[in-house]
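Heads up: the structure comes next, in structure tokens.
Labels A, B, C and D are assigned to the chains in the order they are written; within every chain, residues are numbered from 1.
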Amino acid sequence: MSPTGAEFCGLQLASPVINASGTFDALAALRTFGDPVLEAFPFAAFVSKTVTLAPRQGNPPPRLWESPAGLINSIGLPNRGRDGYLEHDLPALARLPVPLIVNVMGFSRDEVAELVEAFGARDEVAALELNVSCPNVESGLVMGADPAETAALVARVRPLTAKPLVVKLTPNASDPAAVAVAAQEAGADAVSLINTLRGMALHPHDDRPWLGGGTGGLSGPAVRAIALAQVAQVAARVRIPIVGMGGVSSGHHAVDLLRAGATLVAVGTESFRDPAAGRRIAQELEEIRNRLHNSPPKSGQSRPDGSEVPANRRESPLPASGSYTSG
Amino acid sequence: MSPTGAEFCGLQLASPVINASGTFDALAALRTFGDPVLEAFPFAAFVSKTVTLAPRQGNPPPRLWESPAGLINSIGLPNRGRDGYLEHDLPALARLPVPLIVNVMGFSRDEVAELVEAFGARDEVAALELNVSCPNVESGLVMGADPAETAALVARVRPLTAKPLVVKLTPNASDPAAVAVAAQEAGADAVSLINTLRGMALHPHDDRPWLGGGTGGLSGPAVRAIALAQVAQVAARVRIPIVGMGGVSSGHHAVDLLRAGATLVAVGTESFRDPAAGRRIAQELEEIRNRLHNSPPKSGQSRPDGSEVPANRRESPLPASGSYTSG
Amino acid sequence: MSVPSIAAAADPRRTVAPFGRRAAVVTRAEAIGPYRLLACADPAGPAPRPGQFYMLAAARRWGGGEEQRPFLPRAFSYLRRRGDELEFLLEDVGPGTARLAELATGDDLWLTGPLGVGFAAPAPGRTPLLVGGGIGIVPLVAWEDELGAAASTLLGFRDADHAVAARLAREPALATDDGSAGRPGLVTDLLEERLGADDGATVYACGPPAMLEAVRALAARRDAPAQLAMESGMACGFGACFGCVVPTRRGFVRLCLDGPVLDAAQLDSALVAGAGH
Amino acid sequence: MSVPSIAAAADPRRTVAPFGRRAAVVTRAEAIGPYRLLACADPAGPAPRPGQFYMLAAARRWGGGEEQRPFLPRAFSYLRRRGDELEFLLEDVGPGTARLAELATGDDLWLTGPLGVGFAAPAPGRTPLLVGGGIGIVPLVAWEDELGAAASTLLGFRDADHAVAARLAREPALATDDGSAGRPGLVTDLLEERLGADDGATVYACGPPAMLEAVRALAARRDAPAQLAMESGMACGFGACFGCVVPTRRGFVRLCLDGPVLDAAQLDSALVAGAGH
């Protein structure tokens, strides 16, 4: 594997940087930018937008609200459904130069099972990401917020495919690390986090929510600190690899997530600002790792006029579970 | 009550705007700015920094990290403890021109009980805010993230005082509204939310966390959309009044929280940018409410060059529990 | 949800964009009435098709305005392209347009584009009739440049001050709400007269939602083919976010990918929730 | 955690600030070597005490820099105050100082202050010895203005370019790391010599943490009273957040409230985690 490459669940990737589901459409990019998208694909693997069993139109507009240093989206998972994806998207994605990870979501364990079975059987599909940030209509619980629900789901689908199963956690949970442990114990090959944080905006002129879907999900730089904390806490409690995401817009942010325990980093909202952000961030990440490789962090001797790193070094280890008190 | 005033748990307040615990120190402000602080106190009630049973020094520095459109703090609840507060702060706060709400936190129900008993008995104290964003060292669970823990705590302290009990919720929970319902059913007079979201930052030059306390709490504009969504969801499931907070930096943000169902609004991080922010925001809020009072929102007829509000009106009601799907 | 085929033959309404965002230096920034003309050097960019748009952001200080905005890039049709110089016309309506309006010669822009699908030529024998409302003039100027004398243009503005922008078009018929320039009244009044007199027109319209809806309804009544250059809330501009959808008779379509110019006959209404001001 | 009594008699080291932030117009903005001098009109502000500081932010576009920063105001000692004009000297080290360094005459600032507790006069019979490292010169200039000829000043800079700022002080003894101006070496070398020769001095020092620590240790060895104008991460600047604490022999103290000038004898070390660059 090249020095800049990354190994993940048996997949050899050219870099640790992949896209976050729902924030890059390879087929639409091909129409907009042409073949260079494939010749210089900006991600080391391509994660599909969530596919559900039945086709969905998605939420009525508006679906976007710009939040301070972030974005709230209430897209509503528009997609062609399992059969539409199999028939239309998979053939068109055959030219993809990187492994394809299909993200699926079901409103019951049976629905997820059908999706895993269908996509697990296809050679084009390298791995599956289970989006558990949605309500289980039968139990009413958000699957990904409850360790038992998540364990039951993973146990249900694990036998259906030998392909890597990545469980994508929701940050809207009391203890995401407990959900990660449950997923691991039930046979998940990896976990990915964070999905968006539940958020809302009101119409500037009256009382109704702006977003057609009512509430939506917050992403972008505003959530980066939350993602870093959750990745660190999950890393302290599971041994399976982690895909870290949430507000990554530079190689420096990617390094932070890797340091916190992630094996791969996903870029989402930043691609809206810079369509080739994935490639830029992978390059920046490589430059930082080369610099670190050649000159380990200075011990911090300080010059009289403070032009260097302060001499005082605190060696407090990364806390397993953040002794977090508010204020 | 003056038209701009607000009634809350029996307290008549001059405006709906109070401070968020731990973000304004009346005694320090008095030393820095002198008597004008009392003559034009920027809040309709003063909420103390969290008081714990034993004195606490707080976390080692650094305690602050500037995040995109926000702040991560890991202060660590420094305070003089129950006896220190009774002996030192209460007498000094006698000159306070507004009701005093003491925020308390304990690491077990017994500790909280001792605090509630001590402060509930003091005439200077108008109400108590229970900060349940901290771990119950006996159960290991974060009290405020678990409905049963919260119910047990409120049930334990309710009989100890007739004064209003406000339960301050943590946003780091799967279902904050369920915790609010549990607090209500156990006898809480009101709930306040949101506290800070767990976040972390790494040192720019090496792998350790920047904050002495490891992880910290994120606040400021970055969390405003999260606060609005959680206040709306709690408002849909409880009948007791709500204090809404999280990233409020203008009257417009205060109006949004009131529209989402809050009775009072608290201002925290913005006071660091503008020490008299509370007063400014209360004035801006009053101007907006006067404007609304005089001219109800236009029905949205649009002029040819679109200089007015778009004609299309969506009347989707505010969803009780946001049919939130990520993406 | 049916989708146009992917590997369609090169669409004459679309120039494929270089992949990614690129830096472009502002060469000219001047006022045109209350609007702001912004020209930049785009040597790396191909020639766009009229009706296509770009996603723009200031390379420095894109943020720190009202509510810490802007954060996402903003969508702008191109006004004109002369050699390597690309021109935009902005209406300052919020923190994004306000920040762009501050830019001066020598400042850097981030530019992605040309994006989307522009105008389709009128069917043989039909005369192009361009109808603009306020800032909606922008893509029509580009289209006029290409159509030449065959096109006639109707423009509506709020007042004489805004109508200063009319000079960007060749010989437009003009209407203003307050009558301070050209005919008093709405541009859709001019359109109604013109369509009455000439039933061989293909209408090309751009402007605020309410005006586009009036044009759509009028064209439908007069059975005149019409293409509407529309607006909706956009985050990416290249089909990645699914945020910009508008409802059509074939279901939701991504305006940035299958538009922004849409066939009016495919629409029940040109009013898009969250678009316009 | 012992706390100084609240209603202390008026403290000569502190001027109480007007409550709240106030707008101030930039009257002058010029370079002094690599530093930036920023003067603003502060008619509403009282006369500050040397060593006190202000919290500053640009009134417009405070944000949108690197990592969407700055967000919180930044702390600056005042350099001088002449009539209503308040002067600051900035070293561009990050997005906050960079944004302030962009300000020109006529731009608006948000200003809160004067804050904290400044220098205390030397005990009778002791001579004031001012020791500055780099940008640490700032509060010493204000103190020199008040002490007049009684004070002697030692300044250390990285190089001759930074040492240009030495002209703000009256007749400083100068040292530069690279020897390109004044004595080659550290300002603490000059201090060591001076303290050797004159044991009646009270030291007033300001500069990066490592330098202050060297001064603290030297003064302790020579049993010379010393006051250190320190730095720590600040969010509010007026005692509200508890973010700026530094460890002292009496426990953590809020530097913005009980400092920024602290008695060196109260410190085990002048190195504050998270301070400096």
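Basically, a residue touches a chain if its C-beta (ideal position, glycine included) is under 8 Å from a C-beta of that chain, and two chains touch if they have at least 3 such contacts.
Keep in mind the model is a prediction, meaning the values are calculated, not measured.
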Third chains touching both chain B and chain A: C, D
Gap in Å, rounded to a whole number, between the CA centres of chain D and chain A: 45
Mean-CA-position distance for chain D and chain B (Å): 35
Chain B, residues touching no fewer than two other chains: 22, 49, 60, 67-70, 73, 75, 212, 220-221, 309, 314
Multi-chain contact residues (two or more partners), chain C: 63, 67-68, 71, 272-274
Chain contact topology (line, ring, star, complete or other): complete
Chain C to chain A touching residues, read off their complex: 1, 3, 6, 14, 16-21, 57, 63, 67-73, 110, 112, 115, 232-247, 251-252, 254, 257, 272-274
Complex interface listing, chain D residues touching chain C: 61-65, 68, 71
Of chain A, residues touching chain B in the complex: 21-22, 49-50, 60, 65, 67-70, 72-77, 105, 131, 133-134, 142, 145-146, 170, 172-175, 195-202, 205-209, 212-218, 220-226, 228-230, 232-233, 247, 256, 259-260, 297-298, 300, 309, 314-319, 322-327
Residues of chain D defined as touching chain A within the complex: 67-68, 133-135, 156-158, 162, 177, 186-188, 207-211, 213-214, 269, 271-277
Contact footprint of chain D on chain B as seen in their complex: 22-25, 27-34, 36-37, 40, 49, 55, 57-58, 60-64, 66-71, 73, 75, 78, 80, 84, 88, 92, 210, 212, 220, 269, 271-276, 279
